[in-house]
Amino acid sequence: MKRVAIIGGSGYTGGELARLLSRHPDLNLVSMTSRQHAGSKVTTVHPFLQGFVDLNFEERVNSADCDVVFTATPHGASMDIVPELVESGIKVIDLSGDYRLKDPGTYKKWYGAEHKDLKNLEKAVYGIPELFRKDIKKANFISNPGCYPTCSILGLAPLVANDLVEPDIIVDGKSSTSGAGAELTKATHHPACGSSISPYKVGNHRHTPEIQMALEKVGKGKLDVVFTPHLLPVVRGMLCTSYVSLKTPMEKEEVQKTFAKFYQGERFIRMTAVPSMASVTGSNFIEIGAERAGRRTVVVMSAIDNLVKGASGQAIQNCNIMLGLEERTGLDFPGLGV
Amino acid sequence: MKRVAIIGGSGYTGGELARLLSRHPDLNLVSMTSRQHAGSKVTTVHPFLQGFVDLNFEERVNSADCDVVFTATPHGASMDIVPELVESGIKVIDLSGDYRLKDPGTYKKWYGAEHKDLKNLEKAVYGIPELFRKDIKKANFISNPGCYPTCSILGLAPLVANDLVEPDIIVDGKSSTSGAGAELTKATHHPACGSSISPYKVGNHRHTPEIQMALEKVGKGKLDVVFTPHLLPVVRGMLCTSYVSLKTPMEKEEVQKTFAKFYQGERFIRMTAVPSMASVTGSNFIEIGAERAGRRTVVVMSAIDNLVKGASGQAIQNCNIMLGLEERTGLDFPGLGV
Amino acid sequence: MKRVAIIGGSGYTGGELARLLSRHPDLNLVSMTSRQHAGSKVTTVHPFLQGFVDLNFEERVNSADCDVVFTATPHGASMDIVPELVESGIKVIDLSGDYRLKDPGTYKKWYGAEHKDLKNLEKAVYGIPELFRKDIKKANFISNPGCYPTCSILGLAPLVANDLVEPDIIVDGKSSTSGAGAELTKATHHPACGSSISPYKVGNHRHTPEIQMALEKVGKGKLDVVFTPHLLPVVRGMLCTSYVSLKTPMEKEEVQKTFAKFYQGERFIRMTAVPSMASVTGSNFIEIGAERAGRRTVVVMSAIDNLVKGASGQAIQNCNIMLGLEERTGLDFPGLGV
Amino acid sequence: MKRVAIIGGSGYTGGELARLLSRHPDLNLVSMTSRQHAGSKVTTVHPFLQGFVDLNFEERVNSADCDVVFTATPHGASMDIVPELVESGIKVIDLSGDYRLKDPGTYKKWYGAEHKDLKNLEKAVYGIPELFRKDIKKANFISNPGCYPTCSILGLAPLVANDLVEPDIIVDGKSSTSGAGAELTKATHHPACGSSISPYKVGNHRHTPEIQMALEKVGKGKLDVVFTPHLLPVVRGMLCTSYVSLKTPMEKEEVQKTFAKFYQGERFIRMTAVPSMASVTGSNFIEIGAERAGRRTVVVMSAIDNLVKGASGQAIQNCNIMLGLEERTGLDFPGLGV
């Protein structure tokens, strides 16, 4: 039984980590921190965890007490906390955007500030197990991917890795509102978003370089990713529809075989004709489908639960790998379906 | 052509007033104020009005320039503004809660503060045209009812006015989120409300005494109203399900005849088997249905668009009456239906 | 490891049973039947179960092969199947409405047909564990309650059992659309229901006598239940708002203490200020809150996942009890929360 | 006052035509037909039209009685009805897909049947006023465009007409469920679609060749349109996100100027940073925005009400033009905004 802590546990990903950990047989949640709520019961913020998490929020975590720490802190805050944690020798999984972009210049361009922890930025392993499992196994520090990147990268990796497509990639992302976090915003005010779909941050969302970086690592050359996020009137889940151009003609069946082969044996990847957000709700699965359209386009559709495979579930999957546990431990249950 | 102004035009009811006025043949919107947005174009706050409202928000309204002013200011703010407007001799319609509760003691109990304008509180006519048309006709100052009260009072008035029911009245209200206004709140954060219905302010919502007051005015004695509001994952519209006990046995048909007779000739009231929120969306109509259940219960269902009949549409209906216009002017169009 | 089968497994409750059984440590799902889909893989109908349920739908179940059978058949069909199953000596849990109303006359009145299996109708134990656990323990045949009844009965039982309230009871129910089943209907066509709440079967829904029957069993005398169901634009979950009149004055705190005492030690019952549908989504929990309003009204709010505590989860809870397993086995995880 | 009839008036577009005609000052709805509902009041099918449409559905229309007929019949049925109507000399506007694809071979490929009325197929004018106004003015027979085509073509036309972009065009469409019609389908069953977005008919939706045909007419050469429709959990409205590659580099401002110039003076086209479905709900407006992304991509976003500008509103706009009325007559009101 390993001891784990969550730093920054009052948001949606913190609550989701606790939800998933509450049923994990080999991980024991011993501490959650929240500056704002220190001293209060965790269940005042996450009432659905009553009967499952009997902790009070603490001011800070004592790393000597834990084997693993998840940092679910806001962007910019993680890099103040991570150095000391990594130094202490425990395993660390950061769910913020702080360590995702390997290149400090790219980081500065998209996050608008200098990176303050170049040492661990270099050290951080980008945690998509299905693509980078070997590195994760050896890692002490994981940068957990964003939800849109997880969803789109896993959908596109088989085509990019096999060098089948042109470098111009379009990702049309559709996210539920929980992806925007617990903080109140105009965009997520129900009257503003409850009966429509809205594009936002068109051409300048921070997940753009993240998608591009990871796909370039998987493939052979430079890419040009165009990413358009949209906000859905849905509380949980995400769909990405991605468009790539085949270098040489391929039929749908060939394309689909490429996917099947690439992901053979992957527990959490399910190839399907049309991915369903409902099928993966609450679970760590991703559903992926691919179709041919037009002269040479492949349309890749992929669906995840943004809080699970898109955040806390994948974080635990990474944790399992780092600790040498069976990768699916505590995550091996189906989505709601309806 | 009468000249009208809206004070406090940046919220949902302000925008809705402008939307309805933009197609009103006899009312000309000449000014909208907003402290926060003074100087900006109205369409920066209400972009859907581009091409229809070509005004900038002003700091304050010049009452000498208008025939009618709508005050769509927050509760507590109206009573600072109304006295001077009424004094100036123009017609005033207040959409806030400030002048709805006739009794200053009741006001203080439910709004938590002393009333500051007892003179106009006494003068204010509670503006539900189908019940209080005569008074509205003679009025210079209208207190425009709340959305829940409009919806439930119109549903219950025929039974109460005919003294058919016991004094214990239950109103189970279901409102869309636009009823909560444009201000960001935890309750209307999409992830918190987008996939559920939630009761709120159970037993202590300010519309309780308002419903009771108006029904007591319509009926013969003291009532005991229990009102439970719920927040729906819907942007526009409202349904109230109300429960009353018959003093003497009546069949459904008799009950329905009572309604038909009571509302005969009322343009905006539509009796129906099952009221539909979609049928009234965007319109000034109310749909009302009544069923018998149990030993002696009448279940009254009523549906409105909370921003139209529940606020701005009814305000214009009141305005039409006060000005001696045909009551349905500018409001005589159907809801969206789908 | 007990062997269980599901008869009528192609609907939502069938799929939900399979979802829950897939993670149950002591129950092994060995067979699912569906006339319409016999021969097809279960996952063609329930694709979210890929990787968890590797069965083909069968024409019929061989009761000699199972220890327990769940009948998730339509109303009217169960009473054709149940007699033989019960006869065979295995445990049977029926999720239809066929065996819920003990009195054959009441059954005929509300279901419009003669009951065909009076022997088992008498034998059937109405399966709400928190109220009828002793009987369930000794039973071989359980009639699993409806979703609205489960939600409202558990909310009202403490007050009725302690004889604190008048016999007139109002239940205002709000259900998600999955409660209406997988069959296409006008009412559940998205354009018809996706942006509104609609009352239906007002005064004549079959759950009315079921609620009344169970509460009369819990309490001391005859009741008069008025029940109004509403359809919500939500896929999963249910809220009931119930209204009762206190026989003698009680403060809110006293009322709440009554609930706390009545349900002390119940794993799946959570008392809360305001029940949350999201908190229980996907889980077997019910959240209950009670408030005082008006002169003598208690407003009871209760929220469940209609497919879990309102159907398949409670069925498994009953199964656990009948088999002498720890009651929470396979069900002890929190809801999604967001 | 011109006399108009609707053939096939029981669906959503039929109801919407009636809604809009009810407030049109120069068009008088004199007849609606429906085979299924002949003899019934129109308001039994469209209850929201009570007080506005006092007609019974008829079996068939007498063309001698009307100046204009709208055929809102299903695909395949229009071409049985249109020849006689056109022959009779009245103006005809067909809202089905029957006359949209000019090339009979393309028609056969995408609709799976031979076209039965080649004469009128050739004669039909494709009715997007902002692009083909001159032809519409002279026409007697209009083929009214599909919703996705209207939304995406208007978004892309300025770039295609000015020959600024490569022939590969991607349209990612998101439609509300009313676009799928009133017929019950598995895809529009609320539990199946109420909490997710789903792609459908990927690579083979009939609107693909329609979009391509109209844009080729506007532009200079052959195009390759890839179109992916998605079903939203929204009742009304549509958003299209389209992707094109610039032939030569352009900044965002230049792109936006191109749009502004192209659509100068168009009443129903509103350029905006981010199009809003809510802003156009219930109205005939389209909102269009354009952004630059990646090396050379332009992202065009466009939003309409699928039942108004995407169907019945545009049909009336076409009708106004054909009859020589002011184009905006009966359509000049803003969307709901909230």
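Observations, loosely collected:
Labels A, B, C and D are assigned to the chains in the order they are written; within every chain, residues are numbered from 1.
Everything that follows uses one rule, which is that a contact is a pair of C-beta atoms (placed from the backbone, for glycine too) under 8 Å apart; a residue touches a chain by one contact, two chains touch by 3 or more.
Just so you know, these numbers come straight off a predicted model, no measurement behind them.
When chain centres are set by their Cα atoms, the one at the greatest distance from chain C is D. By number of C-beta pairs in contact, A-C leads over the other of A-C and C-D.
Centre to centre, using the average C-alpha position, chain C and chain D are separated by 46 Å.
Distance between chain centres (mean CA atoms), chain A to chain C: 36 Å. Across the assembly, chain B contributes 12, 178, 191, 195, 233-236, 276, 278, 281, 338 as residues in contact with two or more other chains.
Against chain A, in their complex, chain C makes its touches with residues 12, 15-16, 19, 22-23, 46-52, 178, 195, 235-236, 267, 270, 272, 276, 278-282, 307, 333-338. Taken together, the chain B residues at the contact with chain C in this complex read 168, 170, 172, 174, 191-192, 195-200, 202-203, 224-228, 230, 232-237, 239, 241, 243, 245, 274-278, 281, 289, 291-295, 297, 299, 301, 303, 338.
Contact residues on chain B toward chain A in their complex (touch as defined above): 12, 176-178, 180, 182, 184-186, 188-191, 193-195, 233-236.
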